[in-house]
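For reference, the structure discussed in these notes is given below.
The first chain written gets the first letter, and so on, giving A, B, C and D; residue counts start at 1 in each chain.
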Amino acid sequence: MNHQAMALSVEKTSSGRLEIELAVVEMPGLMACRAEFGPSQPLKGARITGSLHMTIQTADHAAAAIARDSASVFAWKGETLQEYWWCTERALDWGSDGGPNLIVDDDGDATLLIHEGVKAEEEYEKTGKIPDPSSTDNAEFQIVLGIIRDSLKVDPKKYHKMKESLFGVSEETTTGVKRLYQMQANGSLLFPAINVNDSVTKSKFDNLYGCRHSLPDGLMRATDVMIAGKFAVVCGYGDVGKGCAAALKSAGARVIVTEIDPICALQALMEGIPVLTLEDIVFEADIFVTTTGNKDIIMVDHMRKMKNNAIVCNIGHFDNEIDMHGLETYPGVKRITIKPQTDRWVFPETGTGIIVLAEGRLMNLGCATGHPSFVMSCSFTNQVIAQLELWNERATGKYEKKVYVLPKHLDEKVAALHLGKLGAKLTKLTPEQAAYISVPTEGPYKPPQYRY
Amino acid sequence: MNHQAMALSVEKTSSGRLEIELAVVEMPGLMACRAEFGPSQPLKGARITGSLHMTIQTADHAAAAIARDSASVFAWKGETLQEYWWCTERALDWGSDGGPNLIVDDDGDATLLIHEGVKAEEEYEKTGKIPDPSSTDNAEFQIVLGIIRDSLKVDPKKYHKMKESLFGVSEETTTGVKRLYQMQANGSLLFPAINVNDSVTKSKFDNLYGCRHSLPDGLMRATDVMIAGKFAVVCGYGDVGKGCAAALKSAGARVIVTEIDPICALQALMEGIPVLTLEDIVFEADIFVTTTGNKDIIMVDHMRKMKNNAIVCNIGHFDNEIDMHGLETYPGVKRITIKPQTDRWVFPETGTGIIVLAEGRLMNLGCATGHPSFVMSCSFTNQVIAQLELWNERATGKYEKKVYVLPKHLDEKVAALHLGKLGAKLTKLTPEQAAYISVPTEGPYKPPQYRY
Amino acid sequence: MNHQAMALSVEKTSSGRLEIELAVVEMPGLMACRAEFGPSQPLKGARITGSLHMTIQTADHAAAAIARDSASVFAWKGETLQEYWWCTERALDWGSDGGPNLIVDDDGDATLLIHEGVKAEEEYEKTGKIPDPSSTDNAEFQIVLGIIRDSLKVDPKKYHKMKESLFGVSEETTTGVKRLYQMQANGSLLFPAINVNDSVTKSKFDNLYGCRHSLPDGLMRATDVMIAGKFAVVCGYGDVGKGCAAALKSAGARVIVTEIDPICALQALMEGIPVLTLEDIVFEADIFVTTTGNKDIIMVDHMRKMKNNAIVCNIGHFDNEIDMHGLETYPGVKRITIKPQTDRWVFPETGTGIIVLAEGRLMNLGCATGHPSFVMSCSFTNQVIAQLELWNERATGKYEKKVYVLPKHLDEKVAALHLGKLGAKLTKLTPEQAAYISVPTEGPYKPPQYRY
Amino acid sequence: MNHQAMALSVEKTSSGRLEIELAVVEMPGLMACRAEFGPSQPLKGARITGSLHMTIQTADHAAAAIARDSASVFAWKGETLQEYWWCTERALDWGSDGGPNLIVDDDGDATLLIHEGVKAEEEYEKTGKIPDPSSTDNAEFQIVLGIIRDSLKVDPKKYHKMKESLFGVSEETTTGVKRLYQMQANGSLLFPAINVNDSVTKSKFDNLYGCRHSLPDGLMRATDVMIAGKFAVVCGYGDVGKGCAAALKSAGARVIVTEIDPICALQALMEGIPVLTLEDIVFEADIFVTTTGNKDIIMVDHMRKMKNNAIVCNIGHFDNEIDMHGLETYPGVKRITIKPQTDRWVFPETGTGIIVLAEGRLMNLGCATGHPSFVMSCSFTNQVIAQLELWNERATGKYEKKVYVLPKHLDEKVAALHLGKLGAKLTKLTPEQAAYISVPTEGPYKPPQYRY
C-alpha cells in the first residue's frame, strides 16, 4: 500500500480523467513539484494520511481516480457525521504498520482524534475511566468520544503507538491552526506541526483570491440572480470578506460590511465600503454573506426580518455562522427545496421566504466547485513542501513539538512556481541592491512581520 | 386558443414552477405590466406569434410551463436547423384564423419567412416560377426556400393573406433590426416594426450589463478556470465587449481589446485597456472572447497558434464569429468532448489543444443560463410595451410600414418600473427646473441623440 | 489682421511657452490638423471669432501667448460680467470688414448676442422701440440689452450686416447647443450651426473622461482632503456625473447619486451606486458635487443642514446649480476665505461651516487647471474640423439655417488622430466583413443612433 | 522651554492658521488624543525631540505655527544637507538639561547621530582617535562625522550623557526601522525603540492609502497630464506600489509592475497587472514611478531610451531610486526647468527629453502636499501613543534596549479613533463569540502574524 502520492493527485475539480487533465494545466506549482521530486521519490516509504474536503459535485469522481491510481480512500458523497469520523479513524489505521508518519490535515480533525485518543488512554491508565460520550452536549464530540471508547477496549495503547511513529502534521486551515497554537500554549501538542495556513501563498489565495472567484460563482449557479444593483452585506472583512466584497462590488452590487475589528473596518472604509451593523440593514439587503470564522452571525431573528427572497449564505467556516438550528426549529417555518443546495424557507407570520444556500455550509463548495485549481495549486504546493520538510528533517531534531510557519523562502518558492504560467518576468536584485536593503539576492525578500 | 400571455410568461431561467416563482421576483418590470394590464386584458383577442431563443438547460422545462399555462409551443431541445424552421412556420400558422396579428421577433426569422414568402408568391404569380433551394449555397436559406416552395403548392396566397392580418412586429436583436432597416431602405418592408433593440433599457441591459454578468458565469461553469491572472482578449468593444472586458478586468484578468472602430478603441484606452490586433497576442493569450456581431473574427489559423488549453468562446452573435467550419475540417484535428458544450480540439502538428465553448455559439446560453432574469425583465418589458402600442394603434394609422424606435418616455417607463426593486428614490423636477432645461416635468428628460 | 489660427493655438494649460510645448505633445489631434492643413492654409482669408473659457490660473499667460502669436484677444483674469460682454462684443467687431465669417462658440454667447441684436434691430425698424435693460430681472440679460441698445444708436443695422457675412457657428457646449435647437425649432436661427458638443469624441471626453480627471484634481488642490472613506453625493448621473462618480468611487469614497431620469438612475444602480434624494443624505455626506446642467440643485436650506466642513462644489454648468445667492444673503452667514477659490461659510445658528469651492462656479476650472490637454485636443479637433467644413461648404448650400451634428466619419477621424499617441493598433475590416455588417471598410462603422 | 506638544501640532498641510483649522477636522485620532490626554498632561516635564519631514509648500508656515505655539523649531525651506544635520544636532541639544527624554524619529536620523556619537566617544576614550570625515565616500556621512568630531572637542561625553537621559525613540519609517533592527541584531542599540512603522494603521495608511491619494495628486499638479490612456510602470509592488498601481489603474492608465519578490509579483497578477522588467517596456511607457525603497532602479541608461516627455518620478524612498547623479552628469544633457520641481532633461543624441519630478525626491512631497491629513492623523496618533507608552513605562523596565512594535490593542485603538469621523458602526462580540474564537471581547482581535 502506497499513500505517498495522494496530496499530489487530489485535483479538486476533477469529475473524471478529462477534467483532471484540464486542471493539471492550471496547477503549475504542483506540476513543478512533480517534475522536481517525482524522479527521486523523496517520500518513498513514508506513510501519509490525508484528511481533506472535497466539493459535493466532484467528490465521488476524484475519490475514484485517487483510489484507482494512488491511495486508499475512505470517503463518499453525503457522509453523515458518524460516517465522517469513522472514515477519519480508518484513514489513520495502517494495520500492522501502526500508524501514519505524516498527516496532511484540514480543520485539524485527524490531529484532534489522536490527541483526544492519547488523553483518554492516559486517563484510562491512571484511573481506569473510559470516555463517556454522554458527558458532552456537543454532538460531534460525542461521536469522537465513542470512537475512542471503542478503540480503548480493543487496544488501550493504540493512540500512544500512533504518536510514536508520527513525525508531524501540516495543517491548512485557520480553525485547525488555532487549535494547534492552543495545544502548543498549554503544552499538550504531541508532535511537530507546520502551519501552512499562514503562508502568504496559502492565506491570500485560499481566502482572498479564491473567494473573490467562487462567491459569485456559487451565487450564480445556485440562484441565477443578477448581482448588479443588489444590496449585499458581507459579515466580516478579513481576507475572505475582502475577496467577497471586491467581487460583489465589481459585479455592480451596493456592498456594506459588518466588522468587530476597527482595523479591518477602517480598511473597508478606505475602499469606499460602509461599515454598519446587521441590525441597521437587515430589512433592506438582498444578499447576506457570512465570512467571519465565528459563530452566531446571522440568527433566525435576523432572517425573519429580511425581504422576500433575500439570499443568505456562508463562505466563512462552519455552518454555525448562520443559525441553521434556529431556522430549522422556528415554529411553522416551511422549507421548500428549489433545487439541491438551494432552499427557500418561508416564515409563517409574513409568508415571505428567504433563500438559504448549501444549508448554511460553505456555499462555494456546496453550490459551485469550490476554489479554482490555480488557487488549490498554491495551497497544495505549500502542503507538499511542508510534508517534504517534515520528512527530510524527521531525524534531525530541527522540528520540536511546536507549531512552525513555513520558512519565507519556501513561501516565495511557491509563488515563483506559479509565475511562469501567467507570463510574468521577475527583476533580479544586483548584489549592491541586495546589500543596500540587507537581503540575500535570492531572497527571502521581506521581514517576517511584512503584511503584503 | 389564446397566445396573448406568452410574452409575459417566458421566464427564461425557469426549469420548473419553483424556479419560475423565484424569477418572478427578479422581473419587476414584467410584474408591473401584469399588475397594470392584467385586469383589463388589453391584448384580448390578439393573435400573437413569438419567436424567441431559450437556453439549452432550461428550454424544455420552460416550454412545458408555457405550453401548460398559456400558449402553443413549437420548440424542443437540440432542434436541427430544418426542425427550427419547421417550428417557425408552425408558429405562424393560426389555422383558419389566417395568421398572427402581431409578432414578437428575435433575430428576425419569423419576419424573414413572411417577407420571403410574399416575394416568392409575387414571383410565382408573375412568372409561375417556384423557389429553388439549390439556387443558393447558404444551407439555412435552402431550408427557408424549401418551406416556401412547399406552401406555394398548397396555397399560393398564404403569406399574402398572412401579411394582411399583421399589424406589426417588435424586434429585439441587432441582427433583426439591421434587416428591418435594410427592408425599410429598399422599400420592401411589409408592415410596421418597432425596434425594441435600441431602447436604452434593452441595448445596455441585454448587451452591457447582461454580458458583464453572464460571460464569467459561462466561463466558470464550463471550465472552472481561475480568471484572475489570465491574459484575456476581447474582440470588439461595443456594448457586449464593454461588459465582457469590465467583467474580466474586475475578476483580475489582464485584458486587451481588438477593434475596428477608432471611437470604441479610444474608449477602451480611456479605461486602461490596450487596443491591439489578434495577431499581436494570439500566441500569448489564455482566453479569447468574440463580441463583434461580425463574422470571421477568430480563424482556424489563429487557433493553431494559440497556447495549450487556450479558451475560445463567442458571446456576440452567430457561431460564425469563430471559424468553426475551418476548425472542424482542419486536417487531422481531434475533438475531445470534456463535457457537453466544452470541447478540446487538438491540432496534429503540435499536439496542443484549445478549449472551444458551446461549439462557437453563444457561450452564455450554451454554458450558463443566459442573462439573469432582471436583464430579461428589461428586455421583455420593452417587448410588452411595444406589442401594446402596435395593438392599440392598429387602426389609427400612427405606424406606417417603417421601423420605429420605442418613444423615449416608454423607454424611461421601463427603467422606472425596475427602480423600486433596487431601493432607488428619484428626485422630482420642479416646474421651474423643467422649464429651465426645456423638458416636461414627467419626462422624457433627454433629446433623442443622447447617448447615456 | 489674421484670426484664423486661433482655435489651433488655445492650449488650455499653458502658463507660458514651456508649458505650451509640453501640452503640444498631449494634443495629437490638433497637431495632426496642423500637419495636415498647415501648409495649404485652407482657412486663409477667413475671419473667425472665438468665444471660449480659460482657467483662472492660466488665462493670462495663454491669452498673452495667443495675442503675441496669432490673434487679437479680448480677455483678462477676473472680468466682471459687464466686462465679459464688452469683450464678446469687441471680438465680433472686425472694423470695416463688418463681422466674422465663422464663430467658434462656447455656451452660445456670441451667437446669442447676434440673434438678440438682429431681433432688436427688426423691432426698432418696425416700431422705433429700443431695448430696455430694465424690462428684465436677469442681471446678465440686462447687460446684453444695454450693449445692443448702445450699438443701435450708432448703427441700427450692425447685427444685420454681421449675419450677412457669417457662414456659420460651431458650438461646443450642451447649453449652447440647446439654445441652437430651440432657435431651429422656432424658426429664428439665422445661420448654419454645427453641434460639436454631440460628437462622441467631444461629449464623452469633455464630460465623462475630462471630469473623471479634473474633479479629484480640483478637490485635492482646493482642500487637500483625503477622498478615501468620505461619503460623497453626486447630483446628476449624466456623462459628467458618471465621470465624477467613477473618480470618487475609485478613490475610495462611498458614493450616492441623485437623479431625475429613471434610465440614468438605473445605470447608477447597475454600477452599485445607490440612488437617493438630497434630503435623504444631506445631514451625513462629506462632499457634494453638482453635475446636472440644471439650476437650484443645492439650496441654502440644504447647506444649513450639512456637517461641519462639508465640501460643496459644482462641475456641471453655471454657478446657479448651487444657490450662491441664497447663501450670500443668508442672515448672519460669515464668509471666511481660506485661500482663493476656497471659502468657508459659517452659519450663525450652528456655528458650523461648509466649504464652497470656486464660488459655485466650475470647480475644475476655478480650483484646478480644467480638463487635461488630451481632452481638449479631442474637443478642439472637433471645432477645427467643423470650422473647415463650414468654410469649405460656404458656397455650396450644403448647410442651411439648421443645426447639424458633425458627420460620423469625421467624429471617427478625430478619434483615430488620438490613437497613435496611446500606442493603439486598429484591426482592419475585410471587404467581406464590411459587406456582412453593411458598412464601408473605411467607416463610418456605426448607425447614427449608436450610443457607445 | 516646552517641547512636549510638538508631535500633536504638526499638521502637515497647514500653510496658515485657517488651513490648520481645516486639517484638525480631518485628524480625528489626534483630536481624540488631545481630548483624552490634554487635561491631565501626561507628558508634562518630558523633554521630547522630534525629527520630521515637511512638504515644500507648507514647511515654513507650519514651522512658524509650531514655533509660535508650542516648541522650538530648527528647520527652514530648502535646507542643504549640512544645514539639515546642523538642525538635527540643535534639536537634540536641551542645554543644561542634557538631552531629550524621548525622540520622535523619521528615517532614524536623530537616532543615528546619537549612536554614531556614542561610538566615536568610546573610540576616542580608548584610542584618542577622533572621527575623520574623509574616511568615507558618503557625502552625508561625512557631515555626520564632522558634527561629531566638532562636539568631541567641546565635550567628549556629550552623547554618553545624552543616552543616559533617553527613555526611548519611536520611529515611523521603513528605513529607520531597518536600522533599528540591525542595531538590535548586533547588540548596539542604546535605548528602547518602538517601531511605529509596522502598525497596520501606520504602514497601510502611510504607504497604501496615502500614496494612492498623493501619486495622482503630484502627477496632476506637476504636469497636468491626462492619466487615462497612458502606459504607466510602477517599479515595486509593496504597499506603496500597490497604492500607486491602484490609483493609476482606476484613473484609466494601462499599468505594469516590476518586482523582485515572487509573492508580490503574484499579487500584481491576481489584480490583472502584468509583471515585466523595466527593459521590456522602457521604450514604450509614458509614466515611470519608483516605489521600491531600494536604489538604482531607473538608471540614466533607461532614461536615454524613453519616449519624448516620458514622466519619471519617485514616491518610494530617497532620491537614489532614480539615478539623478547619472542624469546630471550625462554628457551634453540639458536641464530645462518648466516650473519648480518639474524639469525636462533633454538628451543630446536624440533631442528628446524626459520630465523628472521633484529632482528624483519624493514627488508627493515635492509636487503636491504629501499625504492628506487623515493619513497623517493615523501615523501621528501612533507616534503619540508610542511616546506616552515609553514615558509611562520609563521606570518600570517594561522596555529593554530592543525594538518593539506597538501592542496590537493600541494599533486597534488608533483605528477605532478614526471610525467615527467616517460614520462607521462596529459590531460588538458577545462573550460567547469571543470565547469561541479565543479573543477578549475588547480585542485585540487578531494574532500577531495576521496580515490584514
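Here, contacts are C-beta pairs under 8 Å (C-beta built on N, C-alpha and C of every residue); 3 or more make two chains touch, one makes a residue touch a chain.
For each chain, UniProt lists the protein as follows: A, B, C, D = Adenosylhomocysteinase.
The model shown is predicted, which means the values in this text are computed figures rather than measured ones.
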{"item": "Shortest chain-hopping distance from chain B out to chain C", "value": "1"}
{"item": "B-D or A-D, whichever has more C-beta pairs in contact", "value": "A-D"}
{"item": "From chain D, the most remote chain by mean C-alpha position", "value": "B"}
{"item": "Separation of mean Cα positions, chain D and chain C [Å, integer]", "value": "42"}
{"item": "Rounded Å distance between chain B and chain D, as computed from the means of their C-alpha atoms", "value": "57"}
{"item": "Interchain centroid distance [CA atoms averaged], chain A/chain D, Å", "value": "39"}
{"item": "Residues within chain B bordering two or more other chains", "value": "209, 228-229, 251-252, 266, 269-270, 274, 422-423"}
{"item": "In the complex with chain C, residue positions of chain D that touch it", "value": "13, 15, 18-19, 22-23, 25-26, 209, 212-213, 216-217, 220-221, 223-231, 247, 250-252, 284, 308-309, 336, 338-339, 344, 355, 368-369, 372-375, 422-423"}
{"item": "For the chain D and chain B complex, residues of the former touching the latter", "value": "228-229, 249, 251-255, 266, 269-274"}
{"item": "Footprint of chain A on chain D - complex, ascending", "value": "178, 181-182, 198, 200-201, 203-205, 209, 239, 258-270, 274-278, 280, 293-296, 405, 411-413, 415-416, 418-419, 422-430, 432-433, 436-438, 443, 445-449, 451-452"}
